[in-house]
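In the two complexes below, subunit A is the common chain; its partner is subunit B in one and subunit C in the other.
Right after this comes the complex of A and B.
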């Protein structure tokens, strides 16, 4: 103990000076942080007390393995990989494998991949473990880039480096060589060789799967990217093959001590001890097949998009609404695939974020306007200034387009949080757009007429307002899907959503559709006057663009009309419950610490700072609760929904299913109207925004 | 004369546990019962050394506490 002195008794004596049972702490330390501390000498909290068997302590990664052991180890490794991504962490899954730990520990020392021996099986095992470790590293990077730690993915990497600097090609080469070695083995049973080959092929496919976010898709060109599709199809076939194998006999052969809590006790570890976690063989294979099927579906759908309307529908119905059905690997890859570091969409060399935002606006209000052509027809100096101002607005719109994509790729819970964050951004952009467009009209008479009247069309403002309303409605209804609201709040949510939907429909029909129809009429009239064939072709292209936009408008309109009618009827049904005493939407239960008015204001606080539409007050809410309800009218409207919506022309399957689930919800509420029992709870319905009332 | 406990806050300590492990870290909190909260802890057992972060050390688990003598002298 040279240089150290024993202060045991001095420290313990010093605490007698502490008055009032207070703790003495560093001024830099937040005591709340202390909750994260690991308590030594407590078996439940101290990884240093983990007991390991002799076999676990003395496990030798460099001992020879036979083919059955190799198969068993690889199977457990694949199960561990899927277990990690099933809401678990690396130390209790993948790092519990001593081969994985050896690879990452050796990598810190040598910066090279590890070989467990020179013989065939050792080389095969090495390439497979290195492959899995490389994929862990990729997933950690994906997680750090686009996922939420401890929410989508939990790493706890114990300060290890998972072959981050090793080129993926090197890992792939090793795996391909191992597949060849396995095929050439003369000493092994053919059936075992076949299983091992399939396992290696599966690991190879897993390692190759990040190719997705390096593909460069030419949007709307129908390039199917056949080579990656083949990789995914082969992967699906491989999983199906392995799913038929009974791995129990192979797992029994796995050397004792190969999977243990060794890493938890021996590596840098700020966590408490955890039991090893391994999902079933069945779940492992199902998850693996799901991942490859999902990636395949993303590839096929995204490469076969015909136009911006299809892209919008795909983003809305296949990405945003389905995101929680995707495996975390798919979710991470999807965001990286959709928008790249260079702001390209799907890696397209020609379609960047700025093109996307312009196309989104064209597909709503901007097509064939003075703002889309930028033909200002004013003097050069004014023109320069106007271009500068317009570019600023377009830059802000690019930010919005980026945010819209990010919202869609996040889990549903984060989607709601991100929507909330972006509402203010949209609201202020709406004001800027309005000022810009009105000033352009006042100064230079730059304008497209909304209709036959002199009213300004304000296409930029109109687009932003529409997007804002969409997000506000999503924000409220998503809370129902996420079960955020108390039963007492449900009426207020539908009542408010209905109010927003009314504004959205009004905006849609009196401005967006009117404007687009008017533009089409003007083009038709212009075409009639033309004699030049090439000019007619140009006009025809513009007409087709507008026809596509109007078709897309109509589909969106149908969706929002349906949502409006459902929220309207649900509001009335719930109000009727309130009036007849089967529910109480004006008072919170007695055990609540907050009164209803405060709860109401807190719930709708995100809308308080929004300029248009004006936010609804608690007084208006109370008045609405007293409005009489005609149940006959509700029944009549719910009954007519099925007849009114046929969804002809809807090509996207998930969009169709979503719309059908809304129609089914109307039938569900019809059935509910037959019950006159007290409203007790919300249960799953056909559509996540419209639960069943019990 | 015994130093007051706040003098030891921020000191680099070596804590010998009764189970023969050594902990090296910075004393961050001490309570009236002699339980310690130590940050940036390295745990050492035989030849193995590893980082375990923020650690709460109950008084009962402690065998001995050491401090660098030069640093100790500067506290007085």
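Right after this comes the complex of A and C.
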């Protein structure tokens, strides 16, 4: 290397003089940066050493292109876009295209979109590249807002601005004009024109797809948003058409030097050199089709929701449990679609986060209570104070509702971490609600009776407690899906889940359902005494709401009963293995540096501070292992599960499939009982929470 | 040599001594097994700042294994030892060498820095490393989504040492 002097050995010599073998670091000097500086001239790490060919160095974006070249470039551009969002980064995908680099570099100087010439093909190419660049910019913003960098998405934008201030309408207009220009071309081959038109249409659909999170859905009104559905359907057809084309002959025509490592060397790049990354044509088309299909399904399902129960089921079964099946574009869009900057839900002008959180509570415990009507019946000063306190509680509940939605939109790994975080929040909110409701009763006798007894109903507390238990159970079972548990821990996980499920079922039957039934009985009685027709209509509306709530309660109850029975039986099966020496759930393997109790305490640390239900101790765990097991009873129960669950009235397809996979798991465990081999590993079963035992 | 710690199965275990040649050998050994070359900076940073937690194994003077770790103050409430890199040369594997290196690191971290817990990350598909750490009682506490670029999810593993590791951070902060 000319002009450089190797001082490595001098550096090491001087290092030898440093006392304690330790680098003394000035607070102004970042060691990581320093380490990078040392790496100048290492080919693997120094982007300055990237070698570029003459063609790459001298590539001219303003030269003339023909239709085949245009098609080839656009195809590679689309592949680069899908490659970026396939866990790669922008410099080794999209920015490797010189047209893209030119657009973003020019934009920094001129704040305008770039035109690569004024002939037809140059204008077509310009509109397409500008369109893709605009979409990159949108996706970066989506990533910054709702995704995790280096986890869901990796940007590395090299300090470029991807047309952020350009209006999307302008980009769309240009693309539409290009489609027209292409159609009007006289000189070109018809089949080529057709391909190019479809490519432009596809880019147009991609640029239009963020419309989703600008739609203003009136929840539960059934407005289908036909125009956006048409955009998505057309996009799907376009992808299907392009999928049949062989692009190899066009890609061969792409001018040499058009895609290279140029940007890695020339732009402000803090990353080490990376090979260009390009996924296959097939994967590109499949991903594109998936994205549009997923957006379409989101649109259709979310606009046809009938009531809050459907919304909850959709969030649980179509969003939370399915989230890893969504493309990262869909995942980002979905979260922005669901909840907007102004806290509106699905962009509804009338349904905001606070309405959602109230509706979620109504759909559990709050419907037709003194807390839903806010009809306190107390003197005006007390009333003011009470309203203030209640609003504070409602604010906290809004935060919880928000968190519950966010959890569902995140990847499954994140979901578990977010659940863990929110447990503390829910636990303290439960205490606050309980204090609030009890003090309201003590001071003002504000209360709805739970049933015929004098017991307080505490609808707010009851709701929060239910949500907390739900999350605790999700937290444990999700760990099974994510393969977090060592085989020696697996019994403890089902045993603990079963304990939580027992509390949840108990809460459901003795509180939530009892309370809602009681409210319904009271309404029925009231109705009988009424003569006035309009009053009757009012009561009937309230009755219908309660009937819907109870139906939803029953569905949830069925789900949790099923989980309870499965965890109960699995616990027993595993305990039986332990008792018969085919597994050991009380002693750790010989090389462990910690004992079983420490492992147990670390595993259940997230519950350590939870007040109700009380945390299970390691001693209780050991005692549980000694309880005798009746395998006959296990077999009998597993066999009856299939008959007991018919899922009538379950309308959501994913919900139905989820429930069926649980039933199938019960049959799987029946088969497992035939084996008397040592327990060695967990393998995939029908449901991610219930693996098979091998 | 002053850095020699002990000998086992005729292999010698050492505390790393900063010198150019060993540095290069370690760099080579480590970079062959890194999923992302960028991290090499991180390991240099580790070795420079915590040379006391870099150990090597030699066969007749030739380095065949290395472990590099650091200590950090986790969210200001716990002292956490972090194992950054562990490599044993192919033809020396499955002889318990890695296990010795891990144990050596942990023992010294407990003795000299009174760590509350030890943590590390490894890819979901790295069955060898997972088997090794899990056999020592490390617990997988998190799955990190697509943690490494272009490859696979990773697991965060923790080995609890002191009482503090059983308390949630929110309740340790006061």
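Following the convention adopted for this analysis, the second predicted complex is superposed on the first by the 659 of 694 C-alpha atoms of A that agree within 3 Å, B and C clash if a C-alpha of one lies under 4 Å from a C-alpha of the other, contacts with A are read in each partner's own complex, and residues count from 1 in each chain.
By our rule, contacts are C-beta pairs under 8 Å (C-beta built on N, C-alpha and C of every residue); 3 or more make two chains touch, one makes a residue touch a chain.
If you're wondering where the values come from, they're calculated on a predicted model, not measured in any experiment.
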Most subunit A residues touched (candidates subunit B, subunit C): C
Which superposed partner A:485 touches (first subunit B, second subunit C, both, neither): second
Partner chain(s) touched by A:52 [first = subunit B, second = subunit C, both, neither]: neither
Which superposed partner A:154 touches (first subunit B, second subunit C, both, neither): second
Which of subunit B and subunit C A:4 touches, first, second, both or neither: first
Touched partner set for A:266, first subunit B, second subunit C, both or neither: first
Partner chain(s) touched by A:591 [first = subunit B, second = subunit C, both, neither]: second
Contacts of A:12 with subunit B and subunit C, given as first, second, both or neither: both
Where subunit A meets both subunit C and subunit B, residue numbers: 8, 12, 15, 21-23, 31, 36, 38-39
Footprint of subunit C on subunit A - complex, ascending: 8-9, 12, 15-16, 21-23, 31-32, 35-36, 38-39, 44-45, 87-89, 148, 150-152, 154, 271-272, 277, 411-414, 416-417, 424, 482-486, 489, 588-589, 591-594, 598-599, 601-603, 605-606, 608-609
Interface residues, subunit B side, partner subunit A - complex: 2-10, 14, 17-19, 21, 23, 28-34, 37, 39, 43, 45, 48, 50-70, 72
Subunit A - residues contacting subunit B, complex: 1, 3-8, 10-15, 17-18, 21-26, 29, 31, 33-34, 36-42, 47-49, 159, 266-270
Residue ranges of subunit C touching subunit A (in the complex, touch as defined): 17-20, 23, 31, 37-38, 40-42, 44-45, 48-49, 51, 99, 103, 106, 124, 134-137, 139-147, 149-151, 153, 155, 158-160, 165-168, 170-171
